[in-house]
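Next come two complexes, and both contain chain A; in the first it sits with chain B, in the second with chain C.
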Partner chain A sequence: MKASHIIGKAFLALMAFIVLFPIFWTALNAFKVNADILVTTPKFVFEPTFDNIAYVLSRNSVMAALTNSLVISLTSVVIGIALGLPAAYAVARYPNRWTEEIQFFVLSLRFLPPVAVAIPLMVIWLNLGLYDSWTAMIATYSLLTISITIWLAVPAFQQVPKAIEEAARVDGYGAYAVFLKIALPVAMKTLIGAIAFSFVLIWNEFLIALMLTTGKAKTLPIVASEMSQVGMDVPWGILNAAVILLSIPPLLLLGLLSGFMNSMFSNKSR
Partner chain B sequence: MAGIVCKHLNKKYGEVEVVPDFNLEVEDHEFVVFLGPSGCGKSTILRMLAGLEDITGGELSIGGKIVNDAEPGDRGIAMVFQNYALYPHMSIKDNIAFGLRRLKTSKKEINERVDAVTKMLGLEPYLDRKPTELSGGQQQRVAIARAMIKTPDVFLFDEPLSNLDAKLRAHMRYEIARLHKELKTTSVYVTHDQMEAMTLADRIVLLNAGEIEQVGSPEEIYDYPETLFVAGFIGTPSMSFLDLDVSKTSDGWTLSGTGIVLEIAGEQFALNENAKVVMGIRPSKFHLVDKPIHGKTVTSRAEFVEFHGDEVLVGFSIGETQITAFVKAGNRPQEGDTVHFAVEENEIHLFDKKSERTLRQGTSPSAASPVLAEVGT
Partner chain C sequence: MNSRQTLPYTFLVPTILVLMVLAFVPLGYAINISFQDRTLISPNSSYIGFENYIDLFSDRRFKNALWVSFKWEIITVTSTMIAAVGLGVLMFETLKPRTRNLMCLVFLIPVLLPRVSAAFVWSFAFHPLYGIVTYPYRAITGKPLDLLTNPDTALFAVAFVDLWQWGFFFAVIVLKLLESLPPQPLEAARLDYAKTWQIHAFITWPMLKAPLVSLALVKAIESLRSFDLVYIMTRGGPGITTETLDMYAFSQGFIEAGKISYASSMAVIMMVLTVVIFTFIWKRVRT
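Now for the complex of A and B:
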């Protein structure tokens, strides 16, 4: 093996270590008692305890928040797909003099600091009597998922060769069929990334959720953050366990999606 | 099967007029090639026929029905695209059958028809593959199969071979010709490659800047170009042109310019005293001779001699103008030699300098063609 190869591999290994070690350490700490965590020499060998995980899972607020997070995230992602993809396709395929303004407007929603969005929304939902509800959270998050989906899907649709769609029109298909049977499946590889991105963004969203929920609609990030507020004695083990549990759904989803993406790519080449 | 009639077709993009006034009648079973330089509007016209571009003005009918506003799928056409335009996410079989699926054709019939076209084009081994697993030539064959399976009234080809390498192009050209002989479907074929046009076409429609320069059989276009543009566009290497003055003599006409005097009887040309004309001669129509003959030959010095195989291309100048001539390789002059070329009156082309139209009168067989009556009017 050449020296450049070895250096390259070593560099990659170092980078992987930098990325993975904190996760590994967090996972390890989730199984330690506080006494094992709060030591000057880090402990790799210790007596594992499941108390932290059990504590997190046994709390009603955690299970409720998990349900909230799943329902709210998945629904708003689905709404983002249902409304964002056709909008993005229209912007990509039927450009007119408003197209650029539309795209900029969609992006500008993301320029605003979340607080600037959250405060008026809080007032709106309070007045409508929907504050701290799934409906309010889903509607709010859908604004985000739609804009992200549009923004990321426009280039994906633009990359679909126009001639393919024209061929389908010559084959007798109308605009909607061309969208559903040609543009969507051809662009799917890129779109999957966009969809995954919008899910992760919503799953991890903290600030808006903090302002728009107080009780029954609280999402996981909020509940997890509350665990550090139990007083001077920070329950590190419990906190780490919460972080690990919080990371599992998006990791599962990404794993699923990347598997799907791999299978699509491998179909293309011999 | 159907003919196509274009009446005063017009296409504008905003203020820009790409096709001012296009008139053409394509007969049933005919293979018509639109030939022209890039940007001449040939693809735009084809896409108007296909329904992929809106028609700004005029009337288009296919098979006797006016289809100006008909969807592409309702025009009885099938199209083969330059970059194949296969559906990348579908297998070859699905690609070919996609059009039939919409028509709710029964599974059994779809299978039978797919079998028939794939057999015809030698695609049986690839039916389950994806388009990207096929070579360019195979992909284009799939595109042709996809067009054929619909048994359309009209085939439209948009530069179908220009993405292929030279050898494959010649082969596919032959296949397209063979298919047309078998199927006899009316076809409109767009290309910028004159070789494709010459070999495939029943009639060539030569376009320039959105307007028809000439319509005719390949022979007519080659032997009787009606405009300076056609004369210069067709033929490789292209025709040489000389600006000459016309004067009358007792038994004919004299064409003269710097370093050249030609005497012709001039019966086949409409000539006038003191007229300014452009003479065009193809490289193969210069005949190398030993001695100059006044009024029948041109004399110059060979500036370069380019070996082409059986023939060599000799470059020389008459006045300021660069001329090329083909000479048998066994008989070739050396660079720097003085050369004499005889010019035959019936092998030259004369064009009016101002209108750039041919001065030939009456003898062109295409002049009688009904379609030509509309050209340029």
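Now for the complex of A and C:
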């Protein structure tokens, strides 16, 4: 093996360390009392405590936020699927000038600064009496989930071999049956990855939630960020526990999303 | 009409209508509010024409925010692309497929973390007295190292977290792009004793230039979402040195003054700038 290869590998190992260590450290701090965290020389050996995690999990605000986050994320993802997948299929299978424009319109929604959407929406939801509600959050997030679902599902549908759809049509399937019974199941593996992406995007969203919720509809990122303001001192142990809790759902989807990236790129060359 | 003719309409029309309502109603509203003098405190408001926009032009904090956002875009996009290409090529050249897959899994972690989590993880790591990153500096010099409250380093410290989230993610994409290239030209070049840098400069770069440019553009769009990191790590400080446009709009509209209309006019300018610039670049790059 060449020396340059060894250096290269060592460098990559260092990079993996830079990725993992801060997260590992945060997880470790979640089990420390504040006195073990606030030391000038970092402590690796300490008496673990479950108080931080117990505190976070016992808070009503955290449980409410967890419920809010789950309901809001999942509902808007489902709306994204229901409206996004058929649209993506139409764009993928009926390419013409119009669908091209539609695809660009969907992409350009991502150009919009979230502030520009959140400020007027705050006023709109206030006027409608829906401010700080599930309905308002789900409607707002649906804009994101529908567009991201379309954007990621178009290539997934394009990868479905046309021959299969033709064969089904010869067998007497109508266009809708081809979509439901052929294209959807064949593309499903990739589509699940796309759906997981839209879930992570919504689960992690902060700015819009910060502007559109103040109480009962607060999502988990907002409540976690407020943990830094409990009392006078920053309760780092509790904050770290909250950060870990918030990060678990996206990380659970890691395998799924990695598989999604593989299928998005590997098929390009075929 | 048979089902093949109706399908595009039934599948597209409802979705596009919903998207248009969800996008254009707020945008129209934002433009409408920006011509008023609406605040969070008083329910009454009246139209004041272009006054908010005129005020913006003499607002030094707004100009500062424009400049900070511009710097933020340049720093995050270039650093992410350099890291992504460097690490992607390095993985492609030195790792076997199995280790590559493991590495990809590791490198995907930062981007999946909520921005809020990443911001907290690193703001504690950067803590001047107790942080793990600043520990070596403290141990050697005996002095605290304050990256986030030093005006010279704060923006870079926040941008580093953005790089940490996106650089590794894009490295995985670059690796996948390299893997998707036809292997024959690379093998032929290797048989001719081409050096590694020559292979990448003369064979892979020309083939990957277009996707890499698109990737940089995607990063530029995503970099507009700097708010979460800035809000958690510095709140725009020290002073206004890390105050990006969305941070400033937020603090005008919510934290300090509650000047919803003024914040709206800023949001409208941001929107026009980004939509015009990115539409122009995107259409040019894609054709």
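By our rule, the second predicted complex is superposed on the first by the 234 of 270 C-alpha atoms of A that agree within 3 Å, B and C clash if a C-alpha of one lies under 4 Å from a C-alpha of the other, contacts with A are read in each partner's own complex, and residues count from 1 in each chain.
The rule is short, and it goes like this: contacts are C-beta pairs under 8 Å (C-beta built on N, C-alpha and C of every residue); 3 or more make two chains touch, one makes a residue touch a chain.
Because the structure is a prediction, the values reported are computed rather than measured.
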item	value
Side-by-side fit of chain B and chain C on chain A, or clash	fit
Chain C, chain A and chain B - angle at the middle CA centre, rounded to the nearest 10 degrees	90
Which superposed partner A:A35 touches (first chain B, second chain C, both, neither)	neither
Touching partner for A:E166 - first (chain B), second (chain C), both, neither	first
Touched partner set for A:M211, first chain B, second chain C, both or neither	second
Which superposed partner A:A116 touches (first chain B, second chain C, both, neither)	second
Chain B versus chain C as contact partner of A:P185, first or second or both or neither	first
Partner with the higher number of touched chain A residues, chain C or chain B	C
First, second, both or neither for A:G174, with chain B first and chain C second	both
Touching partner for A:S108 - first (chain B), second (chain C), both, neither	second
Chain B versus chain C as contact partner of A:P22, first or second or both or neither	second
Minimum Cα separation, chain C to chain B, after superposition on A (Å)	8
Shared contact residues on chain A - chain B and chain C	174, 268-269
Footprint of chain A on chain B - complex, ascending	50-52, 71-74, 77-79, 81-83, 85-89, 98-99, 102-103, 130, 132-133, 146, 150
Residue numbers on chain C that touch chain A, as the complex places them	2-4, 6-8, 10-12, 14-16, 18-19, 22-23, 25-27, 29-30, 32-33, 38, 87, 90-91, 93-95, 101, 103-110, 112-117, 120-122, 124-125, 129-130, 132, 135, 138-139, 164, 168, 172-173, 176-177, 179-182, 221, 224-225, 227-228, 231-232, 245-246, 249-250, 253-254, 260, 263-264, 266-268, 270-271, 274-275, 278-279, 282
Partner chain B, residues of chain A touching it in the complex	161, 163-164, 166-174, 177, 182, 185-186, 188, 267-270
Complex contacts: residues of chain A adjacent to chain C	5, 8-9, 11-12, 15-16, 18-23, 25-26, 29, 37-42, 83-84, 86-87, 89-91, 94, 99, 102, 104-117, 119-124, 139-140, 142-143, 146-147, 150, 174-176, 179, 200, 203-204, 206-207, 210-211, 221, 224-225, 228, 236, 239-240, 243-244, 246-247, 250-251, 253-255, 257-258, 261-262, 264-266, 268-269
